[in-house]
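Below, chain A partners chain B and then partners chain C, in two separate complexes.
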Partner chain A sequence: MRRREFTLLMAPSLLVMVGLLVVPLVRTIQWSFQKVQYGTPGEFIGLKNYSQALSDPRFGRAVLFTLLLTVVVTVAILVLGYLVATGMNGLGKLRPVVLGAMLVAYVLPNVVGAVSFSWLVDENFGGVVNYVIHALTGADVLWFTETWPNRILLIAHTVWHLLPFSMLMILAGLQGVPAELREAAKIDGATAWTTHRYVIIPTIRGVLGFVCLITIMDVLRTFDSLIPLSPQADAIGNESIMLYVFDVAFRNGSQQLGLGSAINVLSILLILACLFPFIRGLLKEAKAKA
Partner chain B sequence: MQFPRHLRAGIAALTIAASVAGVTACGAGSRTGAQNATAVECDYTMPKESTTVNVLAYNSSAIDPFTNTMVKSCTRDKVTLKHDPIDFGGQVTKTTATLAGDTGSYDIIETYGFVVPGFAANGGIVPLDDYVAKYKDKYKLDALSSQMREAMSYNGKLYGLPMQAQMFILAYRKDVFDKLGLKPPTTFAEMIAAAQTIQAQGGIKYPIALPWNATADITTSYQAAMNSYGTDFLDRSGKPQFTSDASRKALEGLKSLLPYMDPQVTTFDQPKVQQQMFNGTAAMAIMFSGRMNDLTIPTNTKLANDFAFAAPPAVAAGAPYLYSRLSVDGWSIPKNTKLDKDMLFQMIASSVSEDASKAAVPAAYPARSGMVGDNSSKYATAANGTIGKTMPTPGNPAAAPVTNAIRPVLVQIITGKVDVEAGMQQMQALAEKAAAGN
Partner chain C sequence: MIADTAKASTLPPRTSVKKPRRRRRNRGSRTAAVLLLLTSVLMLAPFIWTALSVTKPTDVAFANPPVLSGYTPTLQAFRDLWETTYFAQYLTNTLVVAVMSTVVALVIGIPAAYALSRSPGYVSAILLLLALVFRSLPRFSVVLPMYEISKALGIYDTTFALAAALVAINQPFTIWLLRNFFAEIPKELDEAAMIDGCTRVGMLYRVMIPLMRPGILTAGIFVFLFAFQEYLTALVLTDTSSKTVPVFITTQLGQTLPMLQQAGAAAMLLTLPVIAISFIAQKYLVAGLSEGSVKG
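So, the complex of A and B:
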């Protein structure tokens, strides 16, 4: 490819990336050292925003909750995604229908899905799950005001929302496993479990790493689903980092843009730390293939 | 990674479905309702250039009639009024952004009494007194309620032309009350007694429904309870009042209702409280008047004809005011608009004209006096009875930041995680810090 063609093809993407990624990132870092309000130039205040963020117990709670949500959801998605994809791989003509039905959860805008999900446990809007639990155990679960029931609700919703995409990726990976490998394992006397453990999973390791990467990124950014599913998230320790940033920087006319930026920078560092092993693994694999 | 044919088909179907959903959503978002609005006289001097007037106003059944009337009546020739649908939270964020700096995105903004002092003190919106004096005869502006004009004023100047007000109203199940021989409560103690009777004999587990969501709802309710004792969050000098006797009594009064409400009440906003009433899972609800019309519509609930309305109770017998807040909405003109402010004022004046105000009833309680008679709606008598017994609260620029600052502690007090005395001290400290601008 000539240099001119390369430049022409690359320029639009580069422009978008600089405009929508680099500039906001640089501005966020700059603001994190300033006291900023709308329409006024920032005033340099050193590390004050960082010290304020790090000394706020609410930030600590948000980080812990977000990490907990990320770990549990990622593990659940990997396990369930693999199991469902394996089952789906064995389906015949019904596969496209089941696949299409499952993907509805992923297509729905997150907040719409979350509102619908909340109705399952909200007696004002049906609360089917509550009726079932009450009929079976006689207990009334306070899904929105008790910390752990609310966490279970949030985890269930996040898994429900993200599982279809992960399952789709894993299914594509499973279909890329050569039939000869499976047959060889069978001839060698491998059981179903050992075939999965020692043949299929190692073969699709790259896909599983990619699913992990995407899931971690998605869950660390959890925000809008908390509005309907955890209306008093802060009070019960179920506030995500992104909701905390929104609350500090924007909600109710707040203008703490500098503090919000500092929390964002800290969040970016946290996200990078969480993703580092996966990015390194993917890069190594790509290098080995090259 | 290769995608087999059925996967590609699935993804294609998904893309089509998402596109259709997206297009449908776009269509829904572009509706303003202005086509069916009332047309009124909007007689401003036509500018020489083509002009777009951007209007920022959240969508609600009480605000929409005024917005739609303005958009329909004032759009002509070279002038186009543009109003995009937005929710209340979005309006709050956009208002803050547009009023900052030398240029803004909006030329007319919807404001309310709670935020007017802050915007006025910062110089974000312009005083309207000169325009009112100039156009008072043309638009009969003297008929706008003095109480509501006061609510939209700061330091003796009018910064928002009032359009409508909302006050708390008690909605109750008349069939249940009649059956059990109950009368609408006039104090919290009577409300509790009625709730106990309904729990015991009426088959409703949680008879009281109040919007105590851990957002602005909970602070508004606490403020209403303090107001019942004649005290506001800040006194006239701007000093926080969270350790006052009225604050203690208000908190204790609110907490005394908890056993008769759904245990998840701190997640209930007004639509959820409406839903409780629709479903018949509550027998009494106190909400802003703008929510009452929905209760009277038979397509919303089969109980529509069973609801009756009354003034809300006072927190205690002998309290000077009712458990209520008066929230006045109006129109303001940003200082940084580049358009002719005289033209903009005539637009907002036309939207609160006599014809426009009449058309807004019963969904709204217009600021124009005499619009709401006792027969205007099922809850008109209750609204008229409440408005005079609601504590007038002078605005203070620190009110909004103070209210935001105390909210997390207030939630902890109501949910029992912090006791009343300790919570009052914490709220006072937070409020003093917020009032000082830190």
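So, the complex of A and C:
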């Protein structure tokens, strides 16, 4: 393909992405060094926003909580996703039905799913889960106002939302495992456990890594679900980094745009650090192909 | 084929071994099927509960312990939603934004994806990298500046601004997904068409796009869903006149009980088409998820 043709075909998309992604991103980096409000030119203050963010205990809490959520959800998603996908792989005619039912949680707007999810445990909405727990144990769980019950709720919701994706990816991986490999393992006398452990899981390692990566990325920027599921997030220590940015830089006319931008830049660095192994792999691959 | 015949010739008397194994397998897969059906009911539980709650009369809908029978189902919450709120407008906004961004994303994304699919291998690795990095970016780092820019341009709180923002945010993924579909069409076809006198662009529209129909449909469904799902961007870039349904639903929370029930009705109205999509367009969802991510 000639160079001119290539440029012509790429131009519209490039223009949109530079104008609406790169320019705003540069703006955020600029703002992070400024004391600034919407619509006014900022004043350069060096690294003050960064030192303010890093010394704010609320930022530390948000980072720790977000990392906790990420780790727990990622592990749960991989284990549950693998189990469900293995079951699905052996499923015949029922597969489209089960798949369809599961995909709903993934395809629906996350915030709407979270609202529906919250009603299962909301006393004001009949709270069927509370009712069952009370009937079984006599305990009343404060899902929205106590730290750990609220964390369990948030973890459950995030797993619920992301499980379909992980299951689907792993299922696609499982379908690529050659039948000969399973048969060979069986002939060699492998039990179900050893077959999974030493044959199937190593074969689909790539897919598992990818699911891991996407889950980490998605959970690190958790925001939507906290609005309905954790209305007092800050007070009970369950605030995510994104919610913290929202509070500082936008909600209720709050205008600490410089501070919010500094936190954004810091979280970009955090995300890049988490993605680093994967990025390195891709760059290596690119070099090999070039 | 070779593997098949080889297997057949090396496994002579199969019947005697096969029977018990199949029976055991059947029992195992039946248990698995029951467990999976239970899992899918669990996955749908929030919606089932919401559906029950919004069709109860308001006085029992919020009763604790929950009332499970002995009431007459009613659609009053839906009627109220339609009559006392601007739901119709919010729904229109959501659909307008989703359709606009889908059309624009495809019109500008198809040529780019095609160009990338015909360039050397390392370009695609870099593209995947960019798509991933932009996907993982904290939304606020682009959306807050967009807020300021849209105010400066006087397009804040318009469906246009929101659609433009969503096109940009999702474009790396859209291009990546489309590229993978284009990559499956052999290059020889381009050359044949161009020898027959097509220009590159003419060939793209006359030959490639008809061939790409499933791929384009898949990408279109995903862009549409992304726009339809978006909460954060809509929260920041809209106010009253172009508010979308997800934002509306959250503003109803913490208000009066009837308003809560209307929010539930709105959530139900949003869920039903999505359920339909995940059954009817399942093939495309599955294709999009696997093409869009695993293959490189």
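Definition applied: the second predicted complex is superposed on the first by the 271 of 290 C-alpha atoms of A that agree within 3 Å, B and C clash if a C-alpha of one lies under 4 Å from a C-alpha of the other, contacts with A are read in each partner's own complex, and residues count from 1 in each chain.
As a working rule, contacts are C-beta pairs under 8 Å (C-beta built on N, C-alpha and C of every residue); 3 or more make two chains touch, one makes a residue touch a chain.
Since this is a predicted model, take the numbers as computed values, not measurements.
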Task: Which of chain B and chain C A:27 touches, first, second, both or neither - done: second
Task: Contacts of A:3 with chain B and chain C, given as first, second, both or neither - done: neither
TODO: Name the chain, either chain B or chain C, that contacts more residues of chain A.
DONE: C
Open item on the list: Just to be sure I read the superposition right, which of the two partners does A:142 touch: chain B = first, chain C = second, or both, or neither?
Closed with: first
TODO: Return first, second, both or neither, reflecting whether A:107 touches chain B, chain C, both chains, or no partner chain.
DONE: both
Task: First, second, both or neither for A:286, with chain B first and chain C second - done: second
TODO: Applying the touch criterion given at the start, work out whether A:255 contacts chain B, chain C, both or neither, answering first, second, both or neither.
DONE: first
Open item on the list: By the touch definition above, which chain A residues appear in both interfaces, chain B in one complex and chain C in the other?
Closed with: 38-39, 96, 99-100, 103, 107, 123-125, 168, 172-173, 207, 231, 250
Open item on the list: Quick check: in the complex, which residue numbers of chain B touch chain A?
Closed with: 1-4, 6-7, 9-10, 13-14, 17-18, 21, 89, 92-93, 95-97, 99-102, 115, 213-216, 263-264, 266-267, 269, 272, 275-276, 279, 281, 400, 404, 408, 411-412, 415, 417
- [ ] Over in the complex, which chain A residues touch chain C? Could you list them?
- [x] 1, 5-6, 8-10, 12-14, 16-17, 19-21, 23-25, 27-28, 31, 38-39, 84, 87-88, 90-92, 94, 96-105, 107-113, 115-117, 119-120, 123-128, 130-131, 160, 163-165, 168-169, 172-173, 180, 206-207, 210, 213-214, 217, 220-221, 223-224, 227-228, 231, 241-242, 245-246, 249-250, 257, 260-261, 264-265, 267-268, 271-272, 275, 278-279, 282-283, 285-287, 289-290
Open item on the list: Show me the residue ranges of chain A that touch chain B in the complex, using the header's touch definition.
Closed with: 37-40, 95-96, 99-100, 103, 107, 123-125, 142-145, 168, 171-173, 175-176, 207, 231-232, 234-235, 250-255
Open item on the list: Considering only the defined contacts, which chain C positions touch chain A in the complex?
Closed with: 3, 25, 28-29, 32-33, 35-37, 39-41, 43-47, 49-50, 53, 61-67, 107-109, 111-112, 114-116, 118-122, 125-126, 128-129, 132-149, 151-152, 164-165, 167-169, 171-172, 175, 200-201, 204, 225, 228-232, 236, 245-246, 249-250, 253-254, 257, 260, 263-264, 267, 270-271, 274-275, 277-279, 282, 285-286, 289-290, 293-294, 296
